Amino acid sequence: MSSKLPKVTGRDMRGVMAYPPTPALPGADRVDAENTVDLVETERMIRALIRDGVDAIATNGTLGEMGTLTLDEWKAFATCVAETARSEDPDFPVFVGATTLNTRDTVARMRFLSDIGVTGTLLGRPMWGDMVAPIMERFYRDVAEAVPELAIVVYDNTAAFGGVIPRSIYRSLVELPQVVAVKYAGGASVGFRYHNDMAHTGTSFPLMPIETDWFAAWEMYGEELAGMAWSSTTAMGPGPVLALRDALREGRTDDARWLTERLRWAHEPFIVGQDFFEFAKYNIPLEKIRVNAAGYMNVGQSRVPYTEDLLPEVHRGTTLEHVERYRQITAEIEARLGTSTRSAEKV
Amino acid sequence: MSSKLPKVTGRDMRGVMAYPPTPALPGADRVDAENTVDLVETERMIRALIRDGVDAIATNGTLGEMGTLTLDEWKAFATCVAETARSEDPDFPVFVGATTLNTRDTVARMRFLSDIGVTGTLLGRPMWGDMVAPIMERFYRDVAEAVPELAIVVYDNTAAFGGVIPRSIYRSLVELPQVVAVKYAGGASVGFRYHNDMAHTGTSFPLMPIETDWFAAWEMYGEELAGMAWSSTTAMGPGPVLALRDALREGRTDDARWLTERLRWAHEPFIVGQDFFEFAKYNIPLEKIRVNAAGYMNVGQSRVPYTEDLLPEVHRGTTLEHVERYRQITAEIEARLGTSTRSAEKV
Amino acid sequence: MSSKLPKVTGRDMRGVMAYPPTPALPGADRVDAENTVDLVETERMIRALIRDGVDAIATNGTLGEMGTLTLDEWKAFATCVAETARSEDPDFPVFVGATTLNTRDTVARMRFLSDIGVTGTLLGRPMWGDMVAPIMERFYRDVAEAVPELAIVVYDNTAAFGGVIPRSIYRSLVELPQVVAVKYAGGASVGFRYHNDMAHTGTSFPLMPIETDWFAAWEMYGEELAGMAWSSTTAMGPGPVLALRDALREGRTDDARWLTERLRWAHEPFIVGQDFFEFAKYNIPLEKIRVNAAGYMNVGQSRVPYTEDLLPEVHRGTTLEHVERYRQITAEIEARLGTSTRSAEKV
Amino acid sequence: MSSKLPKVTGRDMRGVMAYPPTPALPGADRVDAENTVDLVETERMIRALIRDGVDAIATNGTLGEMGTLTLDEWKAFATCVAETARSEDPDFPVFVGATTLNTRDTVARMRFLSDIGVTGTLLGRPMWGDMVAPIMERFYRDVAEAVPELAIVVYDNTAAFGGVIPRSIYRSLVELPQVVAVKYAGGASVGFRYHNDMAHTGTSFPLMPIETDWFAAWEMYGEELAGMAWSSTTAMGPGPVLALRDALREGRTDDARWLTERLRWAHEPFIVGQDFFEFAKYNIPLEKIRVNAAGYMNVGQSRVPYTEDLLPEVHRGTTLEHVERYRQITAEIEARLGTSTRSAEKV
């Protein structure tokens, strides 16, 4: 084993981990496009999220277009994210995606990330076919040992990887000090599966629920076990999600319940909660549409082959309705609770 | 429409709905067995559950062997259940299964249930192939209109019926005054799906979570929306589940959380929460083993073709470990909280 | 074991096994319908199929509405089928469905069939949840031993029963002299699966392909191994299918190829070959529509809950196009090859 | 459109397309391995296949480790394959894999292939989640238009890409002159799906069956429609497969049937035909084991994360039994039919 270890541990992971898309320049949806990352907007977006109070940032999962960026684009984006975050706060936790089709390419990406000084990687598994448990276990162990100084947020996603991480894997992941959190697969965040997976992971690292299930997880298991949530919704403006975080931390249960209800209400029209597998077919353009419409950041078009023009029109309408509701609850929340404490302090 | 309507409405459904198995006489697992229902134990079991304080009883779902009883056995069992419950409390809500392979057989069963005076039926859908939404909607409408005086607890179950009830169906079910509750399919009781289904059903009738997810649902939505839970675990002795009900009703949040944690802990070894689809292969014998081992009732063997001798040995061991834990938490709970109030009052 | 054995063995099974629907009287699609079987048409249909030359008849699978007939209707239909067949030919092989939700109900149905003197039963497995291999093996063994004088055509169907019969089961089925054929699940009739299943079954009994795959199976394995095909298409008039049988038997390979191509061409518009799982949602009304439109028999409406009015209109159109093509190839075949030999002899 | 078009068309594609693995140097299964391709063996293997008479070669599908090679390794391998094939026969058709996670990376790979002068690419689709029909259609159109001089063998694979190519896609593919063949997904090569897909593709290009289903396809559709088969089994020595090709071409039906039966018999123990989805979990090491054991080429170890040490031992045994049978039938075939004509002529 190496003496080098990540700067963060699972116990440090608390609060909201934001999952912003990768901003794209005009024309990024063309087959012959090159250097499509909007680095100016990337820098602005990272600064905004940090200044507005999110607790960590993870990029280049599915919605962050890990699959559709060229290697050069990924490097440029990762470097910009890393430098911007560092300039805001040298200790701010940043996790950049390094999911590829195999172990060695992922290790090479992780070495690059280590070199540019990011905290860690957001890491799904190779998805050329479904990966069985022994191979999955070996994969995570191999990459952790190859780049021991890089923290790992394990990325699970039913649609992307053809199933959930089997329970037995969690027994192995707790042995790796590099693993500091799991982006828990959306579905059943607070039922038997979550409980039983947590029976293996305990306080080693949080199994992060989506922000709309966070209240239930926190009410049941508390900050020690469920202290961090993931949120791609923060890319529409993190205010409502941070208000929820603050309410949870400060024990304002009624506020947390109300905020959760408002967040769920705002999501009702969005296809992700109506039919997850239909969402999964068009997830990248859907995410870009809602984020652009919300106006907190400008992430441009999604890249080939998952371009916006192939989205069924019905989904655009329901997505915009979702954005309208999010706008409404943002105003309601500010009216009732003010803006997030930490954000207020920083400004 | 008929002027006859069920005696109960969805708003009346509060508390714990117990799901006991169908007790079997010795030899009930034989191919040539006849009249296999243990009616003496049936009577004793129904009395015990009612006296110990459950709020409703539903029989003859999957674990209640709706599929493996002959018509005569089903009639004998239903009659015994109805008469026993009535003798304890004329208004006690009883729901007897009437799931068959088609509309007309189900209607005939429902007419029988109406004649013997039960409150309603626990009703899954025909499962010769998966049933699509328009057929499902028609099915529930047809049977409700055919036997309008009988209440319906809609029975959903991913493994038995090949998927969940589609969201659009809930818009139709609220139009039927006969539908008073849904035994919500286990998995994701408190995520997006539950929330969005509830956006259609509101306070018309509860989408009952399993007892181990009830705390999360109640904390979020309150008694108006999530006032009733289903529990087959009550067949191992309803004490812990009723203690949870009382804690929820009395606003003892810490107790409710602790009780939920204890119930989940007790279930950890049981295959149902480790691998639902593996559980579904052997669910009837697994249920009988845990219930018999718990000692609160004696339900005998499961009937052909789902007999106990075909259960992989590993599952028997984990089931007995689950029973041991349940015994332990029952004692812990009594030591800490005493027995359930209502039960105590009755004795 | 019993000394009574079925009158037929697997080696006797040769030719075309017709799968006609269950004729329905007007109003059979109503929820309050009773005695819905059109016994006059049943008698006429059975006579026509036998006189026109099919080699066996199987009723009450999925399309034969095993799931939607009441017990009384099933008895009336079975009796009519048995008596009609016997009056035409005392040795004509007839297999009546006895699929129910459990072993004991199936055994009771099989005893009834034995009493009325039919050759055997067409038998699927209980489908309340998916059935695993050891339970499936026990189920078939139990019913064969309980009614040893009745032959069994094992009925497999991916959509109805949630998967195919596992290979290991075939090793058990060959030990049961009652099993005389398998209605092989449609999909992959002539690939690895078929070959490897046949490595277990050999000449014990045929794994019957659908008639449109029969040529490929026969060309590869010959009459000893693939001597019988199943055909629900015969209910549209058996001529083309019997012409194929005769061509195969007489070694007229070019004719058999041409007939197969014509049969496949006629099926192209039908949803069954375009999207099997979409077909499975509406299979009963789709079958009734094509059969009624073809005019060879009049099978009336499908029964609740699978009624014709819930069929998406697009499927009606493609089904009628299929019927039109079938009509066309029937004429083409008669023009080129004359009518089936055996049929001609009989007339 | 471009005036540049591939040198081959769909009508040129006849015979056997061999699918060899990518030979690996010792240590290729290590996480820190670099430059793992055994180029000496690559050259030898390509020469052997061409000299022994295969009609085309495709590399870097699933078994060819498209997913686990680094970009540099892929380039080195592709260059070696291209140069070797050209040195044997300037017109020999070679298709090198270019499947990646997105359109632009695939286009870049295809440009490289065009530059080194290969005939075409073997091209699966991005598999980060399942790809729906409109995106799939656009993907193939985009890459064909971007590199119009490169032929495309469309690569379908249920396990790798989460389903089969929808029928509607075939209507689009025939519009692209670049598409010259489809490696048809294994399962149901000669049933309804194959027939109906072929109703769209006709003689534009062959839907290649696996060699063990080729006889059935050829018997039914003839050389015009089913003139080419794919075969990874050729990597164990192409003799038996080429003997089948010759028998088909020369109209020796009995020989073709016998050869097919022998090939299927040899495959019986191999897990691919027993349980395709179990095979898919370990397909790369399984392929390497059978190829190495057969001794026709030495392809070394499979690369991380799909390494041989994670293979369940039971699969190794059945794989070696398959190899033993293949060895036996190779001898039988030579004894009965001599070696393949074309191969004999060349030597």
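The chains carry the letters A, B, C and D, assigned in the order they are written, with residues numbered from 1 in each.
Operating definition for what follows: a residue touches a chain if its C-beta (ideal position, glycine included) is under 8 Å from a C-beta of that chain, and two chains touch if they have at least 3 such contacts.
Keep in mind the model is a prediction, meaning the values are calculated, not measured.
Just grab the chain with the largest centre-to-centre distance to chain C, centres being mean Cα coordinates.
A
So what's the Cα centroid distance for chain A and chain B, whole Å?
Centre separation, chain A to chain B: 38 Å.
Indicate the whole-number Å distance between the mean C-alpha point of chain A and the mean C-alpha point of chain D.
Computed from C-alpha means, the inter-chain centre distance equals 38 Å.
Would you please write down the residue numbers of chain C that are in contact with two or more other chains?
Touching at least two other chains: none.
Make each chain a node and each touching pair an edge, then name the shape: line, ring, star, complete, other.
Chain contacts: single closed ring, each chain with exactly two partners.
Spell out the residues on chain A that touch chain D in their complex, using ranges where they run on.
31-33, 62, 66-70, 100-105, 107-108, 126-132, 134-135, 138-139, 142-143, 145-146, 159-160, 162, 280-283, 303-307, 310
Using the touch definition up top, name the residues of chain C that touch chain D in the complex.
167, 186-193, 195-196, 199, 212-213, 215-216, 219-220, 253, 257, 260-261, 264, 267-268, 272-274, 276
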